[in-house]
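Lettered A, B, C and D in written order, each chain numbered from 1.
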C-alpha cells in the first residue's frame, strides 16, 4: 500500500509536469499565466506543508520566506547582477542562514507561542520592507525586475513558463524524495517529540532542519514569483499572505504529499473563475476553512481517498 | 438501590480497561474495591462520573440512568468524586475550595471542625501548600459541604502516614453513619485489612475483571486466598 | 527633547494602550478559561466600531449606540461560541487556532461587504475638542475618559475574579476543569458567559475607538497582531500582565512614532522578539 | 560485578510534596534489578530523573563513571541508558518498521538488525501496518524492539507487563530473561509473580525513599515491606 502510494505520488507529479509542458506549446498567454501561478503557489504550499503536515508546526509567518526570496532576487538582479537565474540561486543560498536564524529564535517555543512568534517575525520583516524605503522601495516595492539577463533570457512568456516548470518539477520531486529519506522520517517522527528525544535524537535540530528546508523552498517560490511578475510589493510579507499556503494545504489535505498541490490548483482556478466576485473571495475562503476544521480535516484529497476506499470495501463485501 | 452497574466495558483510547463489570450497591453501604495497579480501579470511578473513558453498558444512580450524562449533571444528582490527588484546586485557598463546594460565599465551619479540628488553621492557606495527606483529608471533609449521597474515593489513604490512615478511616465511618453517605472506596491490595475494618463488602479487581466479591466477615476468613488475586 | 511633547505622547500612548487593553482583556479571559487563542478577537473589536457607526447614524445618541454596539457584539460572539467554537474545545489547539482564523477572515470580509471599503468614522467634535491643554497640544477629556475606563475595568475585573463566587468558579474551571464539574459547576455555561463578556468588551473598545480613529478594512488584521504581541509578552492568560503590557506597548509605540517615525513599528517588533528571547514564558509568566 | 550506574542524593519535589527524597543507590552490570513500591512512592519519578525527563532539584548521576547529571535525554540515550514508558509511547502515524527505523537511526544501527529483531519478536507481519492500528500487545513488543535497537547498556522498563494478559506476560518474561544476560535491566513492576520470577535484586520505594534493597528472599521476609505490601504489622 505504502509503496503503491509512493509510486502514485511520483507518477502524478510526472504526468502533471507533462500536461503543464503541453500547455506551454499552446502559447496561450492566459493559460500560461494561471498555470505559472499554480506552480509557484504549489511550491509555496508544499514548503508550508513540510512544516504543518509533517513537522506539526503551525507557522503564521511563512510569507517572510516567500518575501525574502522575492526581494533578494529582485534587489540582486536590479542592483548587483542582472540575471534571473543567478538572482534565484543567490536568494536560495542566502535564505539558508536567514531560516536558521528565525528557526533558532522561534523553535524553542511550540504550539500557540510558535504560531504567534512566527507571526510577529514576519510582521517585523514586513515593517522593514515598508520602512527601509531607499532599499526596498517601501510600499511601492520593486519594479522592473529583469527577465532578460546576462546568462539566461526568459523574456518570452513561453521561456519564462518553462523556467518555472523546470524548478517546479525538480523541487517537487526532490522534496518528495527528501520526505521519504531517513531525515524525512525523523521529521515525520516529530508527531511524538518526547519519544523522539528518548530515541537519541535532538528534537530541536530536526525541527530546525525541517524549518530550513521549508524556508528555502518557500524562498524559491518567492523568487520565481518575483521574476515572473517583475513587480513585487511588501504585501507578500503581510501575515494574511502567510495564511494563503495554510488555506491551500487545508483545502487539499495536509495528510498527503500531493494535498497542497491539489489545494493550490483549487485555489488558483477558483480565484480566476470567481474573479468577478473578487470581493467575496476571502469570505469564501474563511467559510471554507471553518467548514474544513469543523467537518472534514482531511481536506478534499482526504475526502476523495475516503470515498474510494469505501467503494472498494463495498465491492469486497458484495463479491463475498 | 444506590448504584447499579450493568455489564460495563470501559476503554482508554484503544485499550480496554474494564471487562463486563456488574455491581449493585445499597443505600448506606461501604464497598471497598481492591486490586493491583492497572487493574482498572480508577477507570471504574471515571466511568461512573463519565470522564476520559469511552464505555458500553449501563450505570444507574437511584434508578436514574447516568451513563452518558455530563459530569456536572451527575455530580448534581448527588455523587461526589475524590481523585487520587485529592482534587483541591491549587492556587485557591481552602476556604475558597469550600465555598465552591457550597456554591456560596458563606460556609459554616463549626461542623467541619467537629469532624476535623485542624481545618481551622488551614482555611486561609493555598491548597498546594498543604501536604499530600492534608490535601486528601480536606478534600474528604469538603464532602460535608457538598452533601452527596454517594462518595467515590480513589485511594484516599495512599501515601499517608499510618496515623493519618486510621484517622481517615474513622472519618469515613463517621461520614457514613452521621451523614449517611454511601461510599465506593478504592484502595491498593495492600490496604485490604484497613479496608475490611469498615467496609460492608469488598470487591477485587484484577486485569479489568471482578475476580472476587464478598461480605467483609467472609472475606476476612478467606483473606489468604484473596491475596493470591492481589498478587501478594 | 521637550517635556511637553513627551507628556503628550505618553498620554496618547496611554489611551492607545487602553484600547489595546480592552482588546487583550477579552482575549486573556477567553484563553484563561477555555484555553482557546481567539484569532478573531480583533475582528469583533472592529465589528464593535462598525455597529457603533451604524447605530449612531440612526439614533444619534452616543450612550445608546455605545451600549447597543457592545451588547450586540457580545451576542454575535456567543453565537459563534455555541455554534462553532464549542465543537473544538476538546481537540488539538492547532485546530482551535485555525478555526478562529477562519472566523476572523469571515468576519473581516463580511464587514467589507456590509460597510464597504471606505474608512468610517463618527464626527463628534463636542466630545473630542474640549480637554486639558498641555503646552500647545490639547488632550481631550474623551481620551482621558478612555484611559480611566480602562483602569476602572481593570479594577472591576480583579474584584469580580478574586472576590465574587462567580469569579471563583471561573478560577476553578481555569485550574481543574474535571474537579470543577465534580463540584456541579457547568463549564459550558462558564465558557459561554466568558465569551460574551470578553467579546462584548472588545466591541465596547471598538465602539469607543471609532470616535477617535476612522475604521476600515485591514484595521482588524493590524490590531490582532498587536493584541497577540501583547498577550505573548504578558504571558498568555495573565490579566494584570495584559493590562500593564497594553499600556507599555501603547506608550512605547507612540513615543517611537514621535522620536523615530521612520522605524516606529520596527521597534515594537524588535522589542517583542528580544523579550521573548530573554523570557520565553513572557514577562509575567507563572510557570 | 562492575558498577554501571551510581545515583547520589537525588531529590525532586513538586511544591510541598517530596516525590524523590535524597535517594542514593547503584546498579551492577548484568544484574536484573526490580523496583517496587506502592503508588506515588516515586518510582517513575526516579526513572524520569535518571533519564532526564525531569530535572532533579539536587543530586548527581554517574553512568559508567561519567557524570551525566547535566546531559539532555537524547544524549543520555545515546550513551546507552534506554527506557520504555508506562503507557505505550510510540509514533502512532508511522508504521511498525518506521518506528523501529527511527530508533535505529538514533543509534546508527543498520537495517539488517531491524529485520532481525522483527523476526525475533515475530513482528514481521505488522511491518507496514501503522502502529495505531496494531493490538496493545504488539505495541508493547514494538516498544521493546525499539529499546533494543537503541543498543542499551542499561535498559529501564516502566511496568512492562501492565495491561498484558497472562499468556503475554509469560512470553515477555521469557524475552526479558534472555535480554538480561546481555543487558543490565532496571524494571518497575507490580505483578509480584513477575517480580519474584525475574528479580536478582529488589529495591523497595515508599514515600520517595528506598526503604529496602536486597535479594528477593530477604525482601519477602522484610517486616517493613510486609507492612507496606501485605498490610501486615
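Assume contacts are C-beta pairs under 8 Å (C-beta built on N, C-alpha and C of every residue); 3 or more make two chains touch, one makes a residue touch a chain.
Quantities reported herein were computed from a predicted structural model and do not represent experimental measurements.
Steps from subunit A to subunit D, taking the shortest chain of touch contacts, total 1. No other pair of chains shares as many C-beta contacts as A-C.
The chain with its C-alpha centre at the largest distance from the centre of subunit C is D.
Distance from the subunit A centre to the subunit B centre is 55 Å, each centre being the mean of its Cα atoms. Inter-chain spacing, taken between the CA centroids of subunit C and subunit D, is 50 Å.
Separation between the centroids of subunit B and subunit C, computed from CA atoms only, is 44 Å.
Taking each chain's centre as the mean of its C-alpha atoms, subunit A lies 33 Å from subunit C. Across the assembly, subunit C contributes no residue that touches 2 or more other chains. Counting partner chains per residue, subunit D shows two or more touched chains at no residue at all. Residue positions of subunit B with contacts to 2 or more other chains are 90.
The touch graph of the protein chains shown is a ring with every node of degree two.
The list of touching chain pairs reads A-C, A-D, B-C, B-D. By the touch criterion given at the top, residues 37, 84, 87-88, 93-95, 97-99, 101-110, 112-113, 221, 225, 228-229, 232, 236, 262-263, 265-266, 269-270, 272-273, 276-277, 280 of subunit C touch subunit A in their complex.
Looking at the complex, you find that subunit C touches subunit B at residues 165, 168-169, 171-172, 175-176, 178-187. The touching residues of subunit D, when paired with subunit A in their complex, are 51, 53, 72-74, 77-78, 82-83, 85, 89-95, 98, 101-103, 105-107, 128, 146, 150. Touching subunit C in their complex are the following residues of subunit B: 49, 51-52, 70-72, 75-76, 80-81, 83, 87-92, 96, 99-101, 103-105, 146. On the subunit B side of its complex with subunit D, the touching residues are 14-15, 17, 36-38, 84, 90, 128-132, 155, 158-159, 188, 190-194, 207, 227, 231-232.
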